[in-house]
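Below, each structure is written out as structure tokens.
In the two complexes that follow, chain A is the common piece, with chain B as its partner first and chain C second.
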Partner chain A sequence: MVDEGTRKTLSNIQLLKTKAGPRDKELWVERLKEEYQSLIKYVQNNKEQDNDWFRLDSNKEGTRWFGKCWYIHDLLKYEFDVEFGIPVTYPSTAPEIALPELDGKTAKMYRGGKICLSDHFKPLWARNVPKFGIGHAMALGLGPWLAVEIPDLIAKGVITYKEKTG
Partner chain B sequence: MADWEEVKRLAADFQKVQLSSTTQRLSERNCIEIITWLVDKKLLDLIFTSDGKEYLTPNKLVNEIRGELYDSGGRINLVELSKVIGVDLAHINSHIHEVLKGNKDIQLVLGQLIDTSYIMRIAGEINEKLAQQGQINVSDLTLQYDLPAEFLQQQVLEKNLGKLIFGQQDPNEPRIFFTESFIARSKAKIRGSLSGITKPTPVASILSQIDISDKLFFSLFDQTVMYGTLTSRMAGAQYIPNVYARSQNEWVNNFYKQNSYIEFDALTRLGISDYKSYIKKQLANDDILFLNSCVVSKNIPDRIEADIDECISSKSYVDLQSTLPSVFNTTDIQLILDKVLTSPKQQQTIIIDSFVVSKAFVEKLSSDCMELVKEKANATVESGKYQQYQIELQASHTRTHKSDDVEEKVDKREERRKKPQAVKVEEVLKSSKSGNKNVDNDDIDVPEKKTVLKIVTADDIRDIIGIPLEEEGIEDLIEPITDYLLPKLNEQGLELAANIYAATVADKTATRRQTHNELQNKLNALISDVRLFEKGIKLLSAELQLQLIKYLLKTLCTDIVTEILNYLSAEQNSTVITDNFTNDQRVKFVNDLPAEYKSSLLILVKSLSGQSIDDFMSAAEGGLTACSMIIKKIDKKKDRLIILNHKHQLLEQLNTCEDLTLVLHLATLVIFTTATQCMIHASGKHVSALLSFLKQYLTEEQYSELTSYHDFVTLMLSGGSEAESAKEKLKEKVSTVKNIANEFKKPGAEKL
Partner chain C sequence: MNTVKELQAKLKELEEKLTAATQKNMRQKIETMSSEVVDSNPYSRLMALKRMGIVNNYERIRDFTVAVVGVGGVGSVTAEMLTRCGIGRLILFDYDKVELANMNRLFFQPHQSGLSKVEAAAETLRNINPDVDIHTYNYNITTVDNFDHFTKVLTTSSLTGGPLDLVLSCVDNFEARFTINMACNEFNLTWFESGVSENAVSGHIQYICPGETACFACAPPLIVASNIDEKTLKRDGVCAASLPTTMGIVAGFLVQNTLKYLLQFGQVTNYLGYNALTDYFPTMTLKPNPGCDDSNCRLRQKEYALKPKPEVAVEAKEDEKPIHEGNEWGISLVSESVEDSEPKVVEGIKLAYTLPGQSSIEECKEATTSNDISLEELMAQMKSI
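Moving on, here comes the complex of A and B:
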């Protein structure tokens, strides 16, 4: 199960209604609208709670998503690129979020930089189709993964802090 | 395609949201840590709320306090404040001065914050109330507003007086405020009530009528029109209307002018309690005299004085009770008399209760009594009461003065001893008299006084003076005048008695002297008789001599002794009469006599029981010298005269004698005397023996006549059956016997 913080975060993310994938044409548009609304709300909440931790953008059709995510450890901000595509079977299948930078640096990652989500994620997602959307995937998938893996990776020296310029 | 447009728009919105800045946010824990750190470092001054969840800066607290104060309408309790703000009371207290410092409108009163707006508000309220009630008391306000009186007084009332509160402060009682109209109303009430009152009324009852507090009344009283006066400024004062006072004064003046006096009771009845000062004020111009129950003008004492003068000159009396107004009590009269009676007048008058009696009047009454007093005095002396009284007086006097007078007494006694008897009596009297005087002069307080002899009784005097006094109609005076006269009359009576007694004593002394001489003569006569009788006895036979001597001692000699003893008894002021004493009693009596008499008289008394006349004679001589008497020398010529006298006496007796036996006895004695020229003293027993002795001098016939007569006498005296016939016979013979005695002549003389 997810921790308390995540659960709280989750409750703040709007649930979706439309069950449609990228191939569903009209309905997908509908679904995409809901996704955006949900994400806006989520980001607003995060900002309000001083808990902003990612930036996302999508292609025109909303089938591919890319952006950045970051984690603050010991007063240092570690930033990573993030990307994922919407599967054809979405929303029954959860999107596979990937951090290409960290590919091969950790065991908790599939080939191509896709993160290994916890055992609980898939059943949870399955139970909440079509209510869960991208925001949920970020909050329940990537967020906890970062919180566990990054400090470990920093400690192992796999990741080092890069002074960000500009 | 519109949908896609919308998607685009949403995507744009999403980007915008993501690009917007994030709020910087610290967790609660961090905040607490930061703040504690700051507070520790004293970089920050914060106040914790009482629940510990919030912090306040002091400025915030001050602002909060001000805000709350404003919210609660300008007045708030600090405790309440701490509850509302949620800060500990200690913080409030420590910051309260900051609140006050910055703002002069706010004050702290009894743990409450009060600002000017509140004060203004309550001032407005108070003004309304004042307008309604007319007057307002600070103490009532303290109850209403629960604020200290001083604060209300100074901060609320006095500050706003004339601005917000329209009224006046009571000048006498700064805690009371009132409005002009109220004052005017009260004044009107007071004026109305006071002008309506016509008699003295307690202020309390006035106040209860007009419903005004006494303080207000007293403060307004002076400002109202003066219709009268107040007795005092106290709650129990009385209001006396001028009308009343005026009429009172008029009444008093009129009464005084008419009657020349005013009694205090009348003044008290009029309601003047302090009558003395009132009178002094009211009758200041008059010459007045304060008495016990009233005040009088000079007139009354003058009149009384005149009355008394008249009473003295007319020798009568004045009843002051009737001449003075009836209200005067005895003390008043006494006071007036003290004033009026000058000492010369006092000497001429006697004051009995309310009567002034002139001395002359009493004198007259007393002279009425004098007759009785004289009588009584005489009676007392005659009855011997006076003497007894003198003796008692002397006794008590000697008792009390024993120690003082012992020497004197001894001296006197010695003197007395030296002096002749007659003088002694006087001496005793004198000393007793002087003793009496001593008692009077020296020992006034000694109880002897009580024993003063009563010559006249109160009843006697009362009876005498009662009649004239009752005629005058002043029976009341009987008792006091009696009391007054009694001691005086008694004294006079005593004096009279003393005079009478002195007179009688003088008489007695004279008679005593006489009796002394008489006794001396008598004793001398008796002694010479005895001597002569002895001479006669010596003519007789020895046996008869002895009998006759015994008889003589028993009779005549005993008489002599008795006389002497009686005399001595009288000398000793004893009343013992020794006439019937036996020999033993005589001895006892003599033993009790003073030593100077005792020895010689003892011999005398003993000689009575002896058998010798000579012994008796010498003893008698001794006895008489002891009694300061002289035995006269034997005078032969006188003896003859005595014998002759004796004979004549005997003959006279004989001739007048009717007793048959005594005739013989006397005849025998006559014959004996004639025959022997000697006297004989013999009893009837000795008649026969004497007859036989006389036989030689008598004729045969005479002798037989006498013997037969003697026989009949013995027969008669034996009382047998023949007594009566013997008596007859004797009667026949009496004249014969008498003749024999009368005609008997001494044979020798015949012969001559």
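Moving on, here comes the complex of A and C:
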């Protein structure tokens, strides 16, 4: 079921243990701490491995997340805003990651720019509740999506490289 | 050239004409349902169900409040059917807008593009039957901010200010189904789940009475086997396909079973599948899973076990002597052995995926342990990377 590439990706991200959603008050704080610890570690690992590809941040309740992700294509860096909410049913269901600026530009999206996930993602997530967290959703959901869709969108001329001003 | 005054007068005149025209086309409310067979009675054919002995008391339909969550291809048709049947109150939830891309489905019309689905639907439905009290909520039920309001509506918006009589899930995604399941388990509400596959050639409805039948979290979702090899199913460039036919059929099944449930006639099917490629309709019953992940489901199961079971039930008799083949499987999720923890399903239905016994990806790193560091510190640390 889990292929070599996925296994390698997963080995990079710490698992979580508290099964709690945003309605669970104190337990949710526990879960949020695990999410942050896992994400911090994951981002640091990415940096060390020269594969830094996203930053995330949340509101203080940890229910809304936002940030940026990057994709390098032909040595050019394409950057996109990322956002998602934590559903009340989390972590039984994964967060629905959205790239709002690409909404309407590809058929591989649901309303609001939510990315269309592969058939493997949901079963994999379901098998790993509550061990999978936001980092896993990024790595197994958004990562592969960018790798397939962005080169395609660039080739079609739907997205073009923008020189950074900052 | 017209003066402003003249234009204002003209505008007023036109507005009056428009109101008059709308009122002329809109029928007046009807106080009591009559079974009189005259051209002007919109309920005569429904009330005939009573005369024919199918339904004992059709006018009770007016006492019921039903929620339709998701007003898309299935939900809009469901809402229209319930409206034409004269349901007492209809509560609609959706956060989407009508788009031209929806026009391969029934109900919505091109001129409604850009309007919110609930508003556009309410307008059409009030025109079809002004006797139905329609409430609309234009938000996403899965967010933390909206969930409490959603459950408040479900528990207090019946015609008598109590919990709704039935919730119909017509949503198109797993997260929303899970949200409805969570709410209905917590507040003990009976609901129907419905769905159409992403390849548009199969669908299903499932009756979920917390504690009595399997909830949506008791097992992986049950789907109709399409006999299409997954590897040959091309998904390039699209998320989902849809057909008005499959959606209309599923909506029909859903409302048919809703009517049977509310008006107490016939048998309500626990799980009814539809395979469009072979015109195959598998049915089955699924008992709740004592080890369900949802603690409220487990609580409802305990409550149900203590409840005296009605003996009159017509279904009980027919259980002994199934009238058609697909129905003879009283499938139970209860199992003694560990290996046998997966529910058995009838031919033509399969689980969307299988769940492992306990742990799956052991090769992964250890679970994180939260130590003394505070959440604020972690948030700051994240920002500073």
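As a convention for this text, the second predicted complex is superposed on the first by the 160 of 166 C-alpha atoms of A that agree within 3 Å, B and C clash if a C-alpha of one lies under 4 Å from a C-alpha of the other, contacts with A are read in each partner's own complex, and residues count from 1 in each chain.
By definition in this document, contacts are C-beta pairs under 8 Å (C-beta built on N, C-alpha and C of every residue); 3 or more make two chains touch, one makes a residue touch a chain.
Values in this document were obtained by computation on a predicted structure and should not be read as measured data.
In the model built by aligning both structures on chain A, chain B clashes with chain C. Once the two complexes are laid over each other on the shared chain, residue contacts for A:153 go to neither chain B nor chain C. Once chain A of one complex is fitted onto chain A of the other, the partner contacts of A:40 extend to both chain B and chain C.
Considering which of chain B and chain C touches more of chain A, the answer is C.
By the touch criterion defined above, A:7 reaches chain C but does not reach chain B.
Contact with chain C, but none with chain B, is seen for A:86 once the two complexes are overlaid on the shared chain. When the two structures are aligned on the shared chain, A:110 is found in touch with chain C, with no touch to chain B. Shared-chain residue A:138: touches no atom of chain B or chain C. Legend: residue contacts after superposition of the two complexes on their common chain; A:49 is shown touching chain B, with no touch to chain C.
Look at A:58: by the touch rule set out above, it reaches both chain B and chain C. By the touch criterion stated above, A:26 is placed in contact with chain B alone, chain C being left untouched. Residues 29-30, 32-33, 36-37, 39-40, 43-44, 47, 55-58, 60, 62 of chain A contact both chain B in one complex and chain C in the other.
Chain B contributes residues 3-4, 6-8, 10-11, 13-15, 17-18, 20-25 to its touches with chain A in the complex.
The residues of chain A lying in touch with chain B in their complex are 26, 29-30, 32-33, 36-37, 39-40, 43-44, 46-52, 55-58, 60, 62. Against chain C, in their complex, chain A makes its touches with residues 2, 7, 10-18, 22-23, 29-30, 32-34, 36-41, 43-44, 47, 55-58, 60-63, 85-89, 92-93, 96, 107-111, 116, 119, 122-123, 126-129, 131. Remark: chain C residues 96, 142-145, 147, 173-175, 178-179, 182, 217, 220, 230, 235, 237-239, 293, 352-356, 359-361, 363-370, 373-375, 378-379, 381-383, 385 touch chain A in the complex.
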